[in-house]
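I have placed the structure first, in the form of structure tokens, so that the comments after it can refer back to it.
For reference, chains read A, B, C, D and E in written order, and residue numbers begin at 1 within each chain.
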């Protein structure tokens, strides 16, 4: 285990020689991990506040979701469709597994493994975005964002989560590009593990959003 | 992107790994001078406009933050003078109501969002790396990004004002007045996008500071040895991280409510929205915001008191814990801004209790300062200390009027009157600007290498202190006599004229004080007395390097043996060697004990952060004000910038540097350097 | 420096409670302030006798532990004192809150509905103790910017204000009588108060509400029950028929120019409700929510060029011929 | 069989009026005693029963009904009128400009004459819900009807010459007339429309002879104006007291208090009482008019000669959702007390509020009030106090959308008249299944402009269908059968002794159904949606004919008639949202269809 | 970024006071329409109206209101206060024709809309002459035009704090105005049949 050595240099000063220390670190030892964790904290706060707003606005309605008068025939208790988001839920929860493998591959410095994992994750990310695209239609959600406060808040929750997905997919893509173009190195290994953390968080957030928008509306 | 660079680097990166050659004490034959030259080459920012634009030096950006924020302070102050002139006489016609509304809104907004918070961030950005003994912040490019986003946001606000598009609904922009129906045009859109810009920038700075403090402290600077100012910055940054999402969220919701094609209903009571939702979200941010401004100021106070009473802080742990407690409780008192709204009485009682409780940690801080002063050496009345003493006086008044406002019954009388105006100015000017001026006098020598002129400083102090009290003390009376805030005129029979006139005179005295300070600063930075490294014989690490510090901060980064490292009897704490001279490398330490852990390469200059800031601002401003269809385009720009940023950030393992520095600067370096030295002419030539 | 609308000049039980509480808080704060100031002066000026505390500039890195402990004792004592004070204050606040709540309950209040508009107050008397007349919808009155309430020491009359806003947030505030109550669209609320001495109390809109927030004032006239009764009865009358030719012409002007598009006068065909009800406008003390006193000259100016007096107000500029204006003023003067 | 002809027009009013009336009263009690085959008033009879004794068309042969002839009026607006058949002439009133056509039934469809009242065009802007007219009345050789610009005219039935024209209201104040007048004993009773304009509702009694106004009975204001005197004995305490028409309003508000009368009147010759309902109080927004707002949204029984009020019952005190009380009051004798007890003289009112009210005709006591549709706006009717129980959750508030209020403003059933068959003992009720989102907003009274203060958007209630044609058993107090229709059933209905009932739909179907089972026997597709009142009569050739005007419009069809923009759900006071797809199903029409068996 | 700001001058101007001149309304012009809202008028006082010629000086008379946010917002308020919404709903129409669409019976030029409000129109539009000050009429004109997207979308009113109805003016697609004759009694198909017709040949399309 390399460590910093306290010694006396040629000029007779007491010095702490850190040249023996590694220049890589993983997890909470790496500053980037902290940057990532803090950004996740910021976003968690945002998600929590949006969800809190959801329940705050709910108090203003006697029925939730309210009837949808725009369509013919109008809808009473127009809960959003469950099929797509449930597929998303299953997909994103299951996708934590390949993400985990990728994460582990990165820790092992297994370039092929990381590449393989990133391809899978990129595909999953794109699939999620595609699913979200189909999900974010008034025909599924039953409301437009400008119909009433209920419509506004559910679109906002889904849109917010969509930006997380977009961000994740973009990161999978750029990471993969880098590894294909250059080669795998510990810095990008660290990045892949951080991306893993971010993805787990995105999945957890979706569980929360799903619970709020889809399950919450049914009670 | 430069193909050439990428290509060569690719091939080099694929070369088999070799043990890394770093400067070792043995190799350091030429000693400090060689080290200095090498570091100079590595850390100096590239010359020219592009270099200026892309800089990642925390000192440069920190000072820019400070200067920019001070600029907004002056502008907002000028607006305040106009308002004071308008209010000096009843039924005055100096300003029209429309202009007055724009002025007071811009004044409040600029002071809160563009001056106070960024100023504190700027101070932190400048001082924190120095105080923890490292060479730069963890994410230097993020710093560049956050500064430009802030700058663009601020410029937009004042440009808007100049073009009759100044926001005019008050700095807390209560819906539905700020909503689409009652605030026509784009004034409030501009406001909310400006707020979003500045808060994103603030959050970036918060992340920056937390990581730097957690990961880059000098070896030996365990958590219980962190200078109090750094603690304040740490706590503040955490508060930023938890509080600011609320304002970005609620201002985004406001924009969406107002925006063409979106027109959501978050705040439309008819369609199930709620005007109170805005108030909850806004105050959930804006009350902690007060502490975000105030807590760093207590850091100035603590450090200045320690330096002048010449003893280590009395009750260091108590100070830190009370600060943390303040931060926690600060999140639980937002409702006291809403006591006049129809809320359940029980809730109000709880929030009263919480609001009173916050006095306790603040009281503890106050007692610890007094105890430090009491038990230290008899202080010399230098200007920094004088400002801090004035702070204690003035802030105490503000705090006590805050106690008065914590009571529901009294609050419903006093809220939204000039009593609150007086209170908040006593708290914010007293709690932040007084310490800030003290900090200016204290750290000015560090920034410029020269002392501020003392005589002018005393004039500044006298004018400002007297002016301040003349301005704001009468407002307590005005408020209790029924003068509501934000009114552009008042009838004569109210009898408010005399006090208003006094306040106006005071405002001009304050302005004169600030003017004296500006002249003093301009003059002193070139002609002031040379300060030397540590003019106050203070004990924290920023004084361990030259004034102003070199681009790499410390020739040999220090290690720490105590809480006030420069005062430790054992002067011989070892210095750090073995960091790469060719790369912008810093030592990363562990979070709790600050034990050396690994070497960490920082990113170098790049145009992408600026590009990203511009992209984000343009997306927000165009997409959030005019048409949401600009957003996809903006996202494309943002993505491109992020790709560029990522692509050019440093890899952890790089090719061994065979030669001390790269010969010849690549033509397109500004697209992104990996923190390696550019060939910059050294000073000796 | 005498000011008519002062928090510290209470005229009702609610504001008296608050006033007392305010004084308690103020004096506590004054005492605390001077205690801290004394300590501060002491800290700066006291002579350092101790050896370790001598005149040297050497920093003290290891303060004397005994002294430190003594200091800690002092600090702890101060903290305990602070907490104690705070509890006292909290308790006082809760007590006064309860007291206010208690005096605010009345089974038979005078209920006044206030609708805050940009930038005036619409006032409806919707219920009252039986002695002030038959309680039916038609016996209520509608006025603007001026509220009369009875003062009756024998049988105090509690006034319940039902507050609502249909545009933006306003805040109802009469400093002499009670604290503010924000009127938030979508959140109708109520406020109870009582006056126990006659007088004219000014009120303000407490929450910034747009261009004329500054000139959205109201006046509360607390008067003995008999006077109040006669005022109430007077307000219940329809507008008198014009007597002279000039007044008749004035009414014609009112009905046929743009006035009747927004205002109503009971007893005529004008029933519009965008602007204040003018049935008894001449009996009011103020015009335009306190922007100008109610005098013929001001009234003329207000009718002709309201945007000069109150820029942004909803009242449009008018241009009546001199004769018509005179006639109109003469008619309005009869609307006592 | 008494038969009018122009030669016998001199026969006195009393006699002339009485006979059809005797028909109806006797009919309501026992077997149909035949029918003269005429249709002399919009309601067919004084009891508003709309039962025709003709039985040529019956459940067996109805499926072979054929179009006999058509007539195009040239006015492409909502055709709500019932054609009159007197002798060999059919009289058709068009929407504005309110032409009156006399068609010769001997030569089917030829125009004998046309009368143009030259109604003022400006009235079109003052009519809330299209420029409709609900028909005319015949008596003494004269046709009486109302024009949109608030005039009542008497036209010589033979020549088409105007005999007199009386101004009943002032369009400058938003007063228009759309209702069909009723004539009794030489008097013409005329209401007024304009509840959306804050007019002061009243019933005007005009002399049939010369058009002089004999008396007016206001729906709000002092007792003197409302003709409330010593004879007034309402059943419920809340209606007792002096000057309630003033006291239940904010000061002076009764002057703009609405309570208009624009539905059908009923008349009971035995007691010489008129029964009619009043419309909504002035300003839809209830916040502006605290109090019960007497005498709006209720039902008056008045002496037909003097107009003195006898009793009053309020369907919806302090009306919150524009639930006008103008729906027809059907005068029936029903065994409501039990099969063994004697039949009781009752007044049946299928209310806009969604309740089927059965009132004692003599006292105004509510015997029962049962919901005949889904109701969320109220929680029932308290039979003790007679008041409907408000649903606090759905109370309109300014600036707050109250969702899913059923019935919506057009009510569970609007003006479209029902019919009653004494043969089946069932009521045939065309109605709608609409709910709405309702937001009160500030309202400003300016004479001659709408006085509403409401944003509303209607939509189909649960089930998705918007209209229903229902048979209701008033004794068993339940629905017997119902036919769900896509669009509101805005047409009237008629039931015959052949046990068939006719109604039309807005998507252009004219249907004949078995009155006992609800089976659709015959369905004819017309040019345009039907909102008119079908009538049946015996032609000069002795055949039974069925006639109806097809031309969509009215409130429900305003989107087509007025070419409104469906992008605004609040258009046409919110009805557009409920029938956004109507333009895909029909275009405006102007045609009279006459059917007969081949 | 400063570009939109630079464009904002006119849009964001808030000028409440109408500058003189006042013009005398020529009462000699006969009413186009005898319906005049408000209390019944026997005589008409000789009011003259403050006219808005110089309210903003950037654009030609009448069109200045289409680019000023405050004027359009005031117009929105007045549209409700003067009960325009009663007949024209939130643009979808009702008793009056819709204003959201591209069909204009009497022309969509600001001056034509102004005359419609001032003089009324024969098919039911009342005349507001003398009832609404001139500059407020112009504000109404601006708002009415903005309903079909004729005003600058940057200045047009956003959604109101009410029930969601039609698209707010700032989101309404700009319609191309088209002058069409009012279908007074004719069918929607354009065929104007005012003569009664009778068919004796039954057309059978039912059973």
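Following the convention adopted for this analysis, a residue touches a chain if its C-beta (ideal position, glycine included) is under 8 Å from a C-beta of that chain, and two chains touch if they have at least 3 such contacts.
Bear in mind that the values here come from a model prediction, so they are computed numbers and not experimental data.
Setting chain B aside and leaving every other chain in place, the chains that still touch stay joined as one piece. Steps from chain A to chain C, minimised over paths through touching chains, total 2. The chain pair C-E and the chain pair D-E differ in C-beta contact count, and the higher one is D-E. Set against the C-alpha centre of chain B, every other chain centre is closer than that of D. In terms of their C-alpha centroids, the spacing between chain C and chain D amounts to 52 Å. Centroids built from CA atoms put chain D at 73 Å from chain B.
In terms of their C-alpha centroids, the spacing between chain B and chain C amounts to 39 Å.
The residues of chain C that reach two or more other chains are 167, 185-186, 211, 260-262, 269, 274, 311-312, listed in rising order. Counting partners per residue, chain A has 60-61, 66, 146-148 as the residues that reach two or more other chains.
Residue positions of chain E with contacts to 2 or more other chains are 14, 16, 37-40, 81-82, 159, 161-164.
Two chains count as a pair here when they touch; such pairs are A-B, A-D, A-E, B-C, B-D, B-E, C-D, C-E, D-E. On the chain A side of its complex with chain E, the touching residues are 146-148.
On the side of chain D, the complex with chain A involves touching residues 393, 401, 403-404, 435-437, 457-460, 462-465, 569, 577, 580-581. Residues 14, 16-18, 22, 37-50, 77, 81-82, 130-133, 135-136, 161 of chain E are the ones that touch chain C when the two sit in their complex. The part of chain B that touches chain E in the complex is made up of residues 98, 152, 155-156, 159-160, 162-165, 176, 179-182, 184-187, 190, 257-261, 263, 265, 268-271, 617-618, 621-622, 625-627.
Residues 3-4, 6-7, 9-11, 13-25, 28-32, 34-35, 38-39, 41-43, 45-46, 49-50, 53, 56-57, 60-61, 66, 145-153, 155-156, 166, 170, 174, 178, 181-183, 185-188, 190 of chain A are the ones that touch chain B when the two sit in their complex.
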